[in-house]
Every structure is written in C-alpha cells, then in structure tokens.
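Scrolling down, you'll hit the structures one after another.
Here come two complexes built around chain A, the first alongside chain B, the second alongside chain C.
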Partner chain A sequence: MSKINIIAFVCENHALSALRAASIAGETLPESVKIVKMPCTGRLETTQLIDTITAGADGIIVVGCLEDNCFHDVGSMLARGRVNRIKDLFKDIKMEPERVEMINAASVSGAMLMLKMRQFEDKVAALPALPFKGAIK
Partner chain B sequence: MNPKVCIMLSDCSACSGMGKADTERIVSLLSQESAGRVILIKSLCGDEARKSLSSVAVGGCDRAVIGQWCPADRTGKAPNMPKSIDPALVEIVDLSLTSDKAGKGNVERTLGTLAQAAARLSLAEPLKERKIAFASKAVAVIGSSGRAVAAAKLLASHGMQTKIIMPNSHSMKADRIEVIDESAVQCLSGIPGNFRICYTRKGAETETDAAAVLLVGERCFADVKPPKDSKIMVTPLEQFAERPTGKVGGMVFVDDLNAFNSEADVVVPAWHMLLEAAKTAAKNNLADNIAVVARDVKAAGLLELVWKEAAEAGVKFIRYDDKTRPKIEKGENLISVKDLVLGETLYLQADVLVAPITTRPWEPVFIEKLFVPSDWDFKARSRGPQRGVDQSSCDGVFLVGYSNFAKLTDEVEPELSSTIVQIAAMMRQGYHIAKAAVAEITEAKCSGCFTCVRTCPYRAAEMNDSWKAEIIADKCQGCVNCVAVCPSKAIELKNCTRPQIAKEVAASMEVVQ
Partner chain C sequence: MIIGERKPVSEIEKMLAGKKKILLSGCKTCVAISMAGGEKEVAELASALRLISARDGLDWEIEENVVERQCEKEWVREIEPKILGADCVVSLACGLGCQTIADLYPAKQTYPGLNTSFLGVPEEQGVWSEKCLACGDCIMFETGGICPVSRCAKSMRNGACGGSADGKCEVNLDTDCAWNMIYERLKLQNRLDLITQISAPKDWSKSHSGGRRKIVRKDLLIQPTDRTDMEVKK
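Let's turn to the complex of A and B:
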C-alpha cells in the first residue's frame, strides 16, 4: 500500500464514463487514488477541499467535464475557479499549490485521464509530507 | 435506528483474480470493521447479485453495495433491478479499476472502495422518481422552411396533434395540423409535456402550449418581422421564383451573413442558389439594377461559371471582407457595405432585398429571451458543419438543423424519420419522469440573494412572492450547483449532503492508516 493518499472527486457524467472506458481498456487507477463520486464537480466547495486536506489527504484531483461541454453547463467552470482559489490560499500559507489539481476529461479520454492521474501521483509523492498530517481530528 | 448496509461481493476468481483465501479475508475484515452492521452475501457475479437483491431484506438490511469485477457487466443501475428496491439505496461499485496491472484484485483497495461506498450509503435516504403526466397533447413545430412543413405533415400522419408556428408565407391545410401564423417566437420554457411557447401576434403577446417541440432551422426565431407593405423579402431562395414582385428599380441579393468563412461546405451551396436566383431575376428583367453582395472567399472559385453567367446577364457583384460585414438598417432597405476594391463604404438602396432563409438581418435580441434547457448548446449546434439533421439530447425539445440547401420534401422525410419516431415514442409514453434527487431550500435560512437563481443552469430556481428562493422540482436536474454557491447554506440535496461526502472521504482515509 502506498504511503500517500489522494482523493479524486469525479463527476458522475463525462468523467466517470471516461474512467469506465479506461477500465474496459484494461487500465487501472494509480494505487493511492481514491474516487469520490459527485453529481457534478460544481458541488465541491472550497471548505470541502480544505477539509479533505485536513482529514489526511496529501493531494486532491478534481475531475470534471470539458469546460465548454459540461454536462450541467457551468459545473466544471465553477469547480476550476474554486480549485484556483485554493491554490492561491495554499501559496499564501506556504503550502505547495500543486497538491490540488483540476483535470477536464471528455468521456472518451480515459487513457489521458489515467496518465494525468499517474503524473499527479508522482508529483505529490515527491513533495515533503504535510507536517499536520494525522494531527487534526 | 441505524440503517443496515449489505455488501455483496462476488467470490468468482475468474474476474477478480483473487484466490478464495483473499476473498474470505475481505469478508472477515469487512465484518470486523463495521461491527456487525455490514452483512456480506457472496454471489457469483454482479448480475447475479442484482437478481438476488430481494434477499437483502432477509438480513434486516434496507440498502446494498454491490462490488463488481466483471468488465462485461458494467451497465450501471438500469437493468435487472427488482422494482421493489429503491435505486437510490443501491450502489454498484466498479472494482476492476482498483486491481493491479495483471488484473489481480488488491485486498486493501477492494476493502477501502467498499467501505467508502457503504459510508456514503449509510446516510442515504430513499427517493422516489415522480411521474408527471403530460398536460398538453400537441407537438409544436417551430420553423418556416419546407423541412418544417414536411415535419408537421409527418407528425400529423402519425396521428399526433400538431401545431406549426411559422411566418405568413405558407397556407396549408391538413388534418390535425393547426397553423399559427406568426414567426416571432419570443420564448420557450417549461418541462417535457408542458412547454410554453410565447410569440407576438399582431403586436400582442400570445402563448401556446405543447408537449414536445421540434425546432427547425434558425429563422424561426427572427425577432422582427418586416411590415407587410415593406418590400424587404427575407425568403427561402427556393421560393424566390414563386413570389411575384413586379418590376422594381433595384434588387439586392445578400448572402448568408451568419455563416463563417470556414463553412465553405455550407456557404457554397447557398451561394449557388443565390447566384441562380440573381441570374433568373436578371434574365426575366425583374429590376433595372441587380446587385449581389457576397463575401470574398476562395471557395467561390468553384462556382466560376455560374458567376460568369450571372455577370453576363447583368448582375453586379460587390464583395466584402469577412471582418467588415454589410449592415442592413433596421426597417429600411438600405444596405451599407465596404467595397474591397474601392475601399469605400457604399450605400445600396434596394426596392427588394433578397436574403437566404438563414439570414437574420435585424440584430436579434431573442437569444437573451429564449430559454432552452441547457443540454442544447445553441452556439455549437447552430454553426459549423454540424448543421445537418441533428437531435437534441434534451428531453422534449428536438432539433432538426438546416437543410444546407434546397431539398425536396421527399428528400427531407427520411432525414426526419428518426426524430419523428422519437417524438412518437415520447407522446405514447404520456408522462415525464422528473429527477428523484432535487435540491430543497430551507426557507428560513434563505437570505434572498439571487445567487442560486443566477447559477442554476436549468432555471429551476426562482424567487417567490416573499423574496425567498424556490426550487421548481419538476425542472431541477439534481446538478447540485446551487448547493455549493449558496452563501447561507440554505439549499441541500438528498444523498449528496456535506456529512455524506465528509464521511466518504474519512472512510477512504481510515483504510490507509
């Protein structure tokens, strides 16, 4: 079992069908990635992203639809704004902004999604461990 | 009373790649962790598990997680589900994603994934889908082209009450077809089975209702109709010859102002018709001066002979750049165009102005007024090579694109048939299934800030008389965007609540530690 812990918030429309396509093609998720399904990535709040980090996650991936083809029109755009806000916040408190990332996936781009997830895992694994990990309950 | 979650896992080693010992370890670990609240039923396959869902109640459970290994069996929740089970309380988890590269299942990850799903499900509430019977029995066709007429006739021949909303140029009589003689459609709103179409008729706003709507082309949404005494003629070019005009001083043909340069496949056939019409007008001596205003595109070289013939017949050509498109002054027949050769702006006074059916000479304001459920991507669909026969993914509103060029009714019918069949199936069903999970507002918390009203992509949020937001449950698609934007956290959607997500995240962490 890997030491790091990555939560992927996946929208259950285009992004989830991308994952399905990838699994049919024989791809597997990177070891540290756990999937949390969302009706739409627009559901994610900034506080939820922070809570996920304080709960012990080392990195967060938000997987939404392509921005001009979002299933619910605005969701992935809103999510990107929130992810960018969290990145700014992390910069301010001297945390690595690379710990949060937004990926846009079409339902056919399963292989691309897996590749980006693997790259993200490598990136996060190279970062120093969070000092407060496991300390906040 | 704590709800009991039943976890069903296949012990089939062919799909999971795990030995019997591993599966049994998962079983024992899961039962330990859940302290007796998780019951595990072994079954052969995901499909088998779904069939045996009715046995869930035997163990005292009311909800189930099904772990699926088989790559062939990934159809989601739809088939083989017993009707007595609420689909909101059954979660099917795809486990094959968590196996390693050789296809062998991993004990910890399987455990984590199942525990995660069980955590979310333990807080879920049962939901029921609602059936809404159609209030209207009619199908509305909005459009004025021959394609719209063909669609209306086909619909009527399938026994459906049809309303066709179109400008005054046609007079058609047929059984079951009601012709609404007006084209300026202002808005389209509502849910499948109960759409409301409003339009102006003789200056007054009128509305009609329809169960399904068929949109043909784009011209149907022209904002302003030219007054009857005006000689401005925005017409399908194929009907140009049928319209008697009498001899006039100046006649100007304008090409499709809405098309882009890149759309050569759309533009060239339209130009062909434009040139043919201009040529016919010149040969029949319909006007003293005949001018064609067309853009400077290389693809026009394909029609060199036609250009030449038209020029020999006495047609004058004025070319414009794609960046400086000609303007048609509102309500007047005055066209201003920047000539490329002279480098000056020319003003053409036309007694008769002829434009293709796709042209909207008067800047439309309808896009702001029009609301079509957001699955229909107006911008993407109305331009580009997709302009063929097209169907909307949105419930109840069907799109049929442009013909691209003139077609006979016989040619159009096969193209329409698949859409017509879909409409017939929808009308036969007679009810619309509203989404089970819809957002709900706690009115006491609502501060009336309009944020959800602005955000909702389906326009399901509205303000009520006491200035509190209200979600129209029939329109809501459960996208949850309003939940996240609400500053006072007054909106909540069942089965996607904050505690649920937090619990699911926490469950996935526990396994790691």
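Let's turn to the complex of A and C:
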C-alpha cells in the first residue's frame, strides 16, 4: 500500500473520548490518520474540507458525536450536512466522493471507531492517487 | 428577498475555460441570507476552483471579494481595480448584481455563478420558499395578507381551484393550498365576507408579461428631464 494521508477532524468531546478509550484498550490509530481536534465538528466549514484535499490529504474523516446526543446539540448534524455537500461537490467536479466520510461515535464506542477508521483507510488507499503536493506530509 | 442557488461548479468551470485571473464577487445582501452568494459561499467556490486548478494544472489565480450590495453601482465601483485587473468576473450575486457589473464594465466578461431562483423568505435554517411574484399589483388586502399569485400554483384569483385536498395543493402535496390558507386567515379575522366577493380578472400588464418594467419618481430625480412626466413607465 503506497503512503496515504488521512486527516481526521475529531470532536473533542464524545469522539475524542472514544479514541482515548480505544487507546487504553490497546488499539492504535491507523498509520495514515492524523487527528485534528475540533471544539465541535459543527464548526467545520466546507471550505476547510476542500482545502484539506488541496493541501495533500487523500481522505478526510469527520468524527462527531451521536446525532441524538451531541455535546453541542446540533454540531454533528451540521457537520454531516457539510460532508454531504462536499460529497455532492466532488461528484460534480469528477472526484471521488468517498474521500470524505462522516462517522458518529459515542464515548464508549472506541473499538467501533477504530474499525471504521481502518476500513476508511483501506477504501481511500484503493482510490486513484491525487496529484496534490500540499502541506500535508 | 431574492433567493438564489449556486450553479454546479462544473458549469462554472466550463465558463472559465482559457481564463487565468478570475475575480469571484459575492454580495452581502439577499444572497448572503439565502446562503448562496455571501462571504462563505464565495470562499467555498474559490476553494473548489483552486482544487480544480491544482488538479488539472490550470494555474488559475482566484481572487475573492464580497460587496455590500452588488445591484448598486456605487458599491460596485469600489472594487473597480479588482474588476479591471481580472480576465473575467464570476458574480455570486443575483441576476441584478451580475448585470450591474456587466453594464458598468461592458468590455469585461461577467458570468453568473448563481441561478436567481425567486422572491422568497427563509422559513427555517436551510429552507426558503417563494412568496411574491413581483406582479406589480398587490391584492393582499383582500386575501388576509397571503399572496395567491405566488403561493397558488395556478395563481387563482377567486378561490381554490377544486383540486386541493386536506389543505394541500394538488400540484405539490408538500405545499399548502394558498386559498385554504386565505380562507382560514379571513375566518380568524372575521372577514369571510371578502372571500365571497368576485375579483375582476388580474391586470397582468403590470407584471413582466407587460414587458420590462421601470419606475421613475420625479421627486427623487436630481436633474429633471422630460422623464419627469412619467410616474410609471413600462
């Protein structure tokens, strides 16, 4: 597998707690994933998602709270809407919409989150390489 | 307000073939509220175009700008150096803003980045609905403040068409029947007498059907000319 870069925008509330729980349980992050801690995924703008790809990421995963238990009430719903908007935009400009995904996680679902991240890494690794030579190494 | 919707980026991309310096110009008024052409949307389109440029090696130089009201010459003139310095302008304002730039700088190619959709209101976050057709002859004093011209699919003038059921329009079941709403509103206001009155056929010549409209108010003209003889000219 050639080296890929995945940026994970992770909510610092339930989602980050899930990652910590997984870490305590001995799980490790997939090698390609770099974490960007967010106060709330609802703060993520569509512009940031596009610019992250232009900067050299091969895939983006947004990890927010469960939609019916969001720390900031509607943050993860806003994030899902923006992720879906970017998926539509990518389809429109002939890029793979699979490069951007949203995952919702409770603080107790660390193992599930790690599994989904590994699955996402495999999926992105199978996509054609992007030509961007950006800031993300 | 004027409600718009951004064109697909692929459509905008086609307009920009062969260009290098591109100015994206949004508007802080109506289309900013309808989340189609304000500061955020200009930034989003700029990011998308930069992505395409980097992917396809197009070497586009994209500048972002948002004016207060793109339909007014005074505000547009403030960004004249940016307009003149670009190969083309993509307007993320409504059709009025786009034409204001195009008319002020006729030699500059100005493209619409939005489809101007309708005159409407925000209903809730992410939802806008049409409520005025700018028909030029408002009759809402007879209809409880509800416009049947824009809110009835058939623009009925004298009551429901007969096709509505359970308060919903037969053309689109997601839409409330305007005349059912008018009935309920007049009932609430104890003005059901209005619904039994027969209204004369609507004068559509005051709408766009009568050709391009123009309003001249002579009290506001700074240099009166023979135009001052006109109150309203089509």
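Going forward, the second predicted complex is superposed on the first by the 129 of 137 C-alpha atoms of A that agree within 3 Å, B and C clash if a C-alpha of one lies under 4 Å from a C-alpha of the other, contacts with A are read in each partner's own complex, and residues count from 1 in each chain.
We take it that a contact is a pair of C-beta atoms (placed from the backbone, for glycine too) under 8 Å apart; a residue touches a chain by one contact, two chains touch by 3 or more.
On a predicted model such as this, the values are computed, not experimentally measured, just so you know.
Enquirer: Quick check on the superposition: with chain A as the shared anchor, is it clash or fit for chain B versus chain C?
Expert: fit
Enquirer: With the C-alpha centre of chain A at the apex, what angle separates the C-alpha centres of chain B and chain C, reported to the nearest 10°?
Expert: Once the structures are overlaid on A, chain A sees chain B and chain C at 80 degrees.
Enquirer: Report for A:Glu45: first if it touches chain B alone, second if chain C alone, otherwise both or neither.
Expert: The answer is both, since A:Glu45 touches chain B and chain C.
Enquirer: Can A:Asp92 be said to touch chain B (first), chain C (second), both, or neither?
Expert: second
Enquirer: Decide which partner touches more residues of chain A, taking chain B and chain C as the two options.
Expert: B
Enquirer: Answer with first, second, both or neither: which of chain B and chain C does A:Leu29 touch in the superposed model?
Expert: Once the two structures are laid over each other on A, A:Leu29 reaches chain B alone.
Enquirer: After superposition on the shared chain, which partner residues are touched by A:Ala126: those of chain B (first), chain C (second), both, or neither?
Expert: neither
Enquirer: Between chain B and chain C, whom does A:Ala57 touch in the aligned arrangement: first, second, both, or neither?
Expert: In the superposed model, A:Ala57 contacts chain B only, not chain C.
Enquirer: Once superposed, minimum distance in angstrom between C-alpha atoms of chain B and those of chain C?
Expert: Closest C-alpha pair between chain B and chain C: 5 Å.
Enquirer: Find the residues of chain A that appear in the contact set with chain B and again in the contact set with chain C.
Expert: 45, 51
Enquirer: Can you name the residues of chain B that touch chain A in the complex?
Expert: 71, 74, 94, 96-101, 103, 108-109, 112-113, 116, 374, 377, 380, 437, 455, 457, 477-481, 483-485, 493, 496, 498, 501-502, 504-506, 508-509, 512-513
Enquirer: Could you please specify the touching residues of chain A with respect to chain B in the complex?
Expert: Within the complex, chain A touches chain B at residues 1, 5, 7, 19-20, 22-24, 26-29, 31, 34-36, 38-40, 42-45, 48, 51-52, 55-57, 68-69, 71-75, 78, 82, 134.
Enquirer: Show me the residue ranges of chain C that touch chain A in the complex, using the header's touch definition.
Expert: Touch residues, chain C against chain A: 8-10, 13, 40, 43-44, 46-48, 50-52, 54-55, 126.
Enquirer: Quick one: in the complex, what on chain A touches chain C?
Expert: Checking each residue of chain A against chain C gives 45-47, 50-51, 53-54, 81, 89, 92-95, 130-132.
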